[in-house]
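Two complexes come next, and they have one chain in common, subunit A, joined by subunit B in the first and subunit C in the second.
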Partner chain A sequence: MLRFIIRRVLQVIPVFIGSTLLVYFLVFSMSGSPIDALSGGKPISPAVVAQLTAQYHLDQPFIAQYGIFIKNLFTFNLGPSFSGQPIASIIARAFPVTARLAVMALAIEAIFGVTAGVIAGLRKGKLFDGTVLLASLVVIAIPTFVLGFLLQFVVGVKLEWAKPTVSSGANWGDLILPAVVLGLVSFAYVLRLTRTSILENMNADYVRTATAKGLSRPRVVMVHILRNSLIPVVTFLGADLGGLMGGAIVTEGIFNVPGVGNTLYRAVLSGEGPMVVSIVSILVLVFVLANLLVDLLYAWLDPRIRYA
Partner chain B sequence: MRFSRISKALGVAAVVAMGITACSGGGSGSTDTNAGSGNTSKVVNAYGGEPQNPLLPANTNEVFGGRVMDMIYSGLVSYDASGKTVNELADSIKTTDSQNYTIKIKPGEKFSDGSPVTAKNFVDAWNFGALSTNAQLNSYFFESIDGYKDVSAMSADGKTAAPTAQTMSGLAVVDDTTFTVKLSQPESDFPLRLGYTAFYPMTEAAIADPKASGEKPVSTGPYMLKTWTHNSSIELVPNPNYTGPRKPKNAGITFKVYTTADAAYSDLLSNNLDVLDGIPAASLKSFQSDLGDRSIIKPYAGNATLTIPSYLPAFQGEAGKLRRQAISKSIDRELIIDKIFNKTKEIAKDFTAPVLEGYSDSIPGSDVLKFDATAAKKLWDQANAITPWDDSTFTIAYNVDGAGNKEYVDAATNEIKNALGIKAEGKPYATFKELRNDVNKKQLTGASRAGWQADYPSLYNFLGPLYGTGAGSNDGDYSNPAFDAKLKEGLSAKSTDEGNKIFNQAQEILFKDLPVIPLWYQEQTGGWSNNVTGVDFGWNGVPLYQNITGK
Partner chain C sequence: MSKDRVQITEEDSSVPRPLLELRDLAITFDTASGEVPAVRNANLTIMPGETVAIVGESGSGKSTTALAAIGLLPENGRVSGGRILFDGEDLTKADNKRIIELRGRSIGMVPQDPMSNLNPVWKIGYQVKETLRANNLARKDVDVQVAEVLADAGLPDAAQRAKQYPHEFSGGMRQRALIAIGLSCSPRLLIADEPTSALDVTVQRQILDHLATMTAELGTAVLLITHDLGLAAERAEKVVVMYKGRVVESGPALEILRNPRHPYTQRLVASAPSLASQRIKSAKTSSVESADVLLPKSEATVSKSDDVIEVRNLTKVYKLRGGKGAGADFKAVDDVSFDIKRGSTLAVVGESGSGKSTVAKMVLNLEKPTSGKIIFDGTDLTALDKKALFDFRRRVQPIFQDPYGSLDPMYNIYRTIEEPLRVHNIGDKKSREAKVRELLDQVALPASSMRRFPNELSGGQRQRVAVARALALDPEIVICDEAVSALDVLVQAQILNLLADLQAELGLTYLFITHDLAVVRQIADHVCVMEKGKVVEAGTTDQVFNDPAQAYTRALLDAIPGSRLELPPEVA
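For the complex of A and B:
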């Protein structure tokens, strides 16, 4: 077990270097100097350009720039962004917001997805099953931004049940609406995964045994069917957490959430290599850790799985 | 997603005009101006974005930082709603030769921390802004001042900044309230520029520690910065030490940071946002019916053009001139404004903008902007008689991250295709900076969309920096000695009126050469919530925040 964890943690190193190198290179290869974005098309004196170029090491070759970034990363001093604020504090402000959003979305999709999936699976072919299957199909078919704008307009503008955008504090209450939008699509997948998995396991030998032993129906469902059906769902949720942390750019844009997605988008537009890569590095770490957690959960869910 | 910063980035953050309306005469001293017209204890929630740079006068060159700067600072002069200059901290700005200026500031003026505003604060701030090693983006604004060359000198290899002086020789403090400015050549519109962000004064402490000052400036304007929560909001409260003409009629402004105007529009509809300038493209069709009498469309000092670089072989000499005229006449501007912009632009009739003093809509030669497909084809054929068109595709470069760009460029290329019978298409760039890269390196292979938003309300600002030989924003490398001579003549004119007449004569030359093809003037769209009243926009399309009151 311990060896397994150590091995997985060590795997982070090549993944981390590879992904940051690649992302840094992509940002580096974008045509146009970040100074063009800074000047906004207005004339800028050549002396100032020279000064800024030296200040942000823009005149250095790719490997040197990447080296400076890695050095800064390990000395915990990411330097200032083009706006003059420390990159570290920008990230420190954005991540908690996105983390709150991701946790809420994850909770929504896990709780509602699994519950609805179990019910649908147990009552296969009934009205409830048909309804949720159809509803989840609709949700999967609609792109996130349509769903986002629709909910924002109906709930936020027309019904005025919630503020259409997130206020500056981005507290839990503000984030409900975007979290619902973010969670809805995955909710549909979780629901379908759970349902299929339940259907499979319902006919398994150990379930028949459990029922024959005279165990109560709730116990059969909760302990014997559900627990064994959760493995694919947990895998999906784990991967989704990584996605939710970094991939909420569209939803964060619609609801004006001051989170990672928005920050990343802005940094890409202005060509700020160190900022983009710093954010991506953290996302990589989150992704790797989430996957590790999922792998460990397997063992708990299914004792047949052993780590060596 | 649309980013205002990008689509408006062609403009430097313009200066917020001051609104002196007839009924607010009680300005200085009395807190209760025009009672009855609104609730002055209201804090106004306004549309904003995260400033790109620290809040330093010479480093703020984009709209979101600019709107904050213009509210927390006042310079020597400010601009009223119609763009006229009004003295703010200046008592008088005197010159006899348009080259040597003596500037007196009002005695007894204070910064928001209570320290006095002196001539030295101006001179030091300008020297700080101009010195290249301070890397202030607006430093080129000081280039007219004698001695700028020394503070912005480059090393011998042309690669690093190597100033040979720390201060500009053209600036001299005479006493606490007087300083003199010597320009390197006569420039009659220099006093007009002094309301621009770059020319604001700074405290000694701010110059000593610009980093701290950029986060929490001590300033001179109608408001002062209370808190700046990065990426989320900027709170301003009235500055008790402010005595100028832009006295706030509300209890503060909170700029909410948005990444898209669409989100802001949803907030406006549900009264969570009080003032929005720049209605998002997707809502342009409906905003007037959504908001009713809470909506506004107002022209401001900006325009849109197509640059056809003079370095393109097909657009040189007499044939090039005819081709540019042909392209200009083949674009039906009216139709594009109606169909694509929902009538929120105004057809261009010159190279400047209609809200400026000295503007004329009937400059000889402006006929070339009228749509006439047959005449266009004739001109094109004449050009082909001189040097035949090589049957290549005529392209118009644009950045897709600015809203509406693709639509109008596609429409224009279609019209050109139909009128002239040539191949024409848009050439998209993913981001504004990538487009600028090709423009700056003079690597365009066709035309490019362009536009200008005034830094300060002056005809010259639309002409000199854009079409003067070797000027900073002369993207198309246009050069005509006759035009340069007219500009120089206009700048050394005795009065602004006289200068404006000469600038309009200079435009006659532009109409013959067409270095760019004027398309339309910009109009600002906006709206406000049910909670506020008294919203109007200034000459630069930015709301006059200080005049807004609660209901």
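For the complex of A and C:
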């Protein structure tokens, strides 16, 4: 088990280096002079140019710049943004908001998706099964921005059950509505995945053997059907966590959530290279770690994987 | 007799009453096309401690009947008539709670396929333990108890083994674990559904011997389900023959074997592979029926015999990954040499892990040998360039074991058989279709099956399709890797006859890989016996069967079920 973890952790290193290198290369080599972007196209004096060049190490070769960037990334010393605030503190403010939102959305889709999926699978062809299948189809079919505005209007404005927009503090209560919107689509996928997986495992030979041993039905379901059925679901949830941590640009936009998605979106629009690269690099790290977590969960769920 | 050891627990009954009695049992399946009767008017009686076998082909309703007794019919199946009396209690009227109470403790089960019947994500010990717990039989030192139960089922190092997962077990060990689970609660009745059909003959024999000893000690009655009449006759006191959902014949085992009355039973007796070894032997000694299709050696093809395949000092070494036995390579095939004469059949026999399938893969050029040579029609296989290899593929074709896995479920039968022709650019659309029709005719499938898909065909029909596909390119050599092992006895006999006919007709050469010596007897001219990667014995089929030189070969021969039965001359 330990060897497996060590091997997987070591695999993170080349993935991280490769992807950050690519992002860094794209942003800094493809989009013209970063000083022009900073000045917004207005002419600036050569002295300022020289000062900025030195400050951002723009006279150094690409690889050296990348090395300095990585060093700064790990010491969380990312320099100032265009607005003068340190990038590090902007990110430090945005990430907890997005993390909170992601955890809530993930909890919603995991708890409701798996539960509904298990029930639907066990009662295939019954009323509950048909209802949730239809409902999930509707949810999948409606685009997020429609669903977002709809819930914002109905639940937030008309019924006033939840706050329609998020305050700058973005506490847990503020985020319920956007988390529901964010979780709904994945909920539908989790439900369908769980249901299919349950159906597949229900008819497995070992389930029949377990029943023949004299186990009660709830025990057969919990011990022999559920764990085996969760393997594909966990993969999906893990990949989804990585995606959610990247911030949902549309949903964060609708509810005015001061999260990573919003920040990244604005940075891309204003051509703020250092900010984009910093955020994306951290996202890569988060994504890679989320995948590692999935692999570990996998090995825990399925003992055969440890030796693969 | 095990019957004597049974204590009758009822206070009043001095006359033993049947442990399980099926009276006019009818089982129906609800399918999309309406109700389908699966079992009709089945009657069966098992006395305490007795072993009764239900024999029949797949689809005969034998498993369904047994599963009904433990309330394990598939969701769309139900008992539509008759009664199931377990110790006098009608189980068709029992509620779910009562059935769960009976399962494990009163009626145990040993299922068919050891590979799929253990949950891959739980340790073996846990799967035994939960059985004991569910039936309230777990002692305080339950881990010790689990080790005892596993050790009783013949698992070595039981305490250690209990901590392992199913994928760390071999097939035989898994089946022992399943037997341990089935018998852990000392049930009064054990349903053994083809408990060994997925295992090698030698392992099969050990497991069945052990099962017999254990059930005799516990006084457990056994309902044995099998498609092999020889095995049934050897292991059971009474045999019930089922055919198309009906019991067509029942009675004492040897009586049925010696004097089968129903035509279906007669066919079963005639084609039981375990009995066939004797049958051919006597047919040969009495030298009648020289044109027996089971002896395909036609004079014309053998007379121009040259060695079409020569295998010289073939060795295959696999590098083992992982630290423990560092540097310990695994020799799957060790210095194997043999020749195959054109138009003849060579069988390579051995248990699983003996390296026989690796030999087949190397001859098919799907694996590269570590050292040694395979000479096909005068040319060394390792020296073939890309174009020559493509040509070689046309001349050597495989038929694999699993007719469910070896056909693409998305291809209809026409496309399946036509594909090799298209790949090799043979003929135009019209001539290819004509060829497919001819091939289907050769393997005795109707031309109408062209537009059907594999899932619409039975196992035997699928294997016929696989044979047709292998023959599409008019190959000279067909390599059959366990080609009939997954099939029922009757279907197996049909496919073997088909292969023998085609050999006589087309002058084919077969390399037959199998663990089943009974099959070898029916099809092969020469035999190589492999053990742990080495050829331990080689010779003509007669030599090897009549006068085995090696103890290992003798053990293999002895393990054929029914080989110890005394057969009457009219069967033989």
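Here, the second predicted complex is superposed on the first by the 258 of 308 C-alpha atoms of A that agree within 3 Å, B and C clash if a C-alpha of one lies under 4 Å from a C-alpha of the other, contacts with A are read in each partner's own complex, and residues count from 1 in each chain.
Here, contacts are C-beta pairs under 8 Å (C-beta built on N, C-alpha and C of every residue); 3 or more make two chains touch, one makes a residue touch a chain.
Quick caveat, the model's predicted, so the values are computed rather than measured.
With both complexes superposed on chain A, which partner does A:304 reach: first (subunit B), second (subunit C), both or neither?
It touches subunit C, and subunit B stays clear.
Could you let me know whether more residues of subunit A are touched by subunit B or by subunit C?
B
Which holds for A:146: it touches subunit B only (first), subunit C only (second), both, or neither?
Neither subunit B nor subunit C is touched by A:146.
So in the superposed three-chain picture, is A:134 touching just subunit B, just subunit C, both, or none of them (first/second/both/neither)?
Touch partners of A:134: none, neither subunit B nor subunit C.
In the superposed arrangement, what residues of subunit A touch both subunit B and subunit C?
Shared contact residues on subunit A (touching subunit B in one complex, subunit C in the other): none at all.
Taking the touch rule as given, give the residues of subunit A at its contact with subunit B in the complex, in rising order.
Against subunit B, the touching part of subunit A is residues 30-34, 36-48, 50-52, 54-55, 59, 82-85, 89-90, 93-94, 149, 152-153, 156-157, 160, 163-165, 168-170, 250, 252-256, 258, 262-263, 265-266, 269-271.
Going by the contact rule set out above, which residues of subunit A touch subunit C in the complex?
These residues of subunit A touch subunit C: 203-217, 219, 223-224, 227-228, 301-304.
Once bound in the complex, which stretches of subunit C touch subunit A?
By the definition above, subunit C touches subunit A via 70, 72, 74, 100-105, 108-109, 111-113, 116-123, 130-131, 134-135, 165, 167, 178, 181, 185.
So in the complex, which bits of subunit B are touching subunit A?
Those residues of subunit B that touch subunit A are 1, 3, 5-6, 9-12, 50-54, 61-62, 132-137, 139-140, 143, 152-154, 158-161, 163, 211, 214, 229-233, 256-260, 262-264, 266-267, 269-270, 272, 401, 431-440, 465, 471-473.
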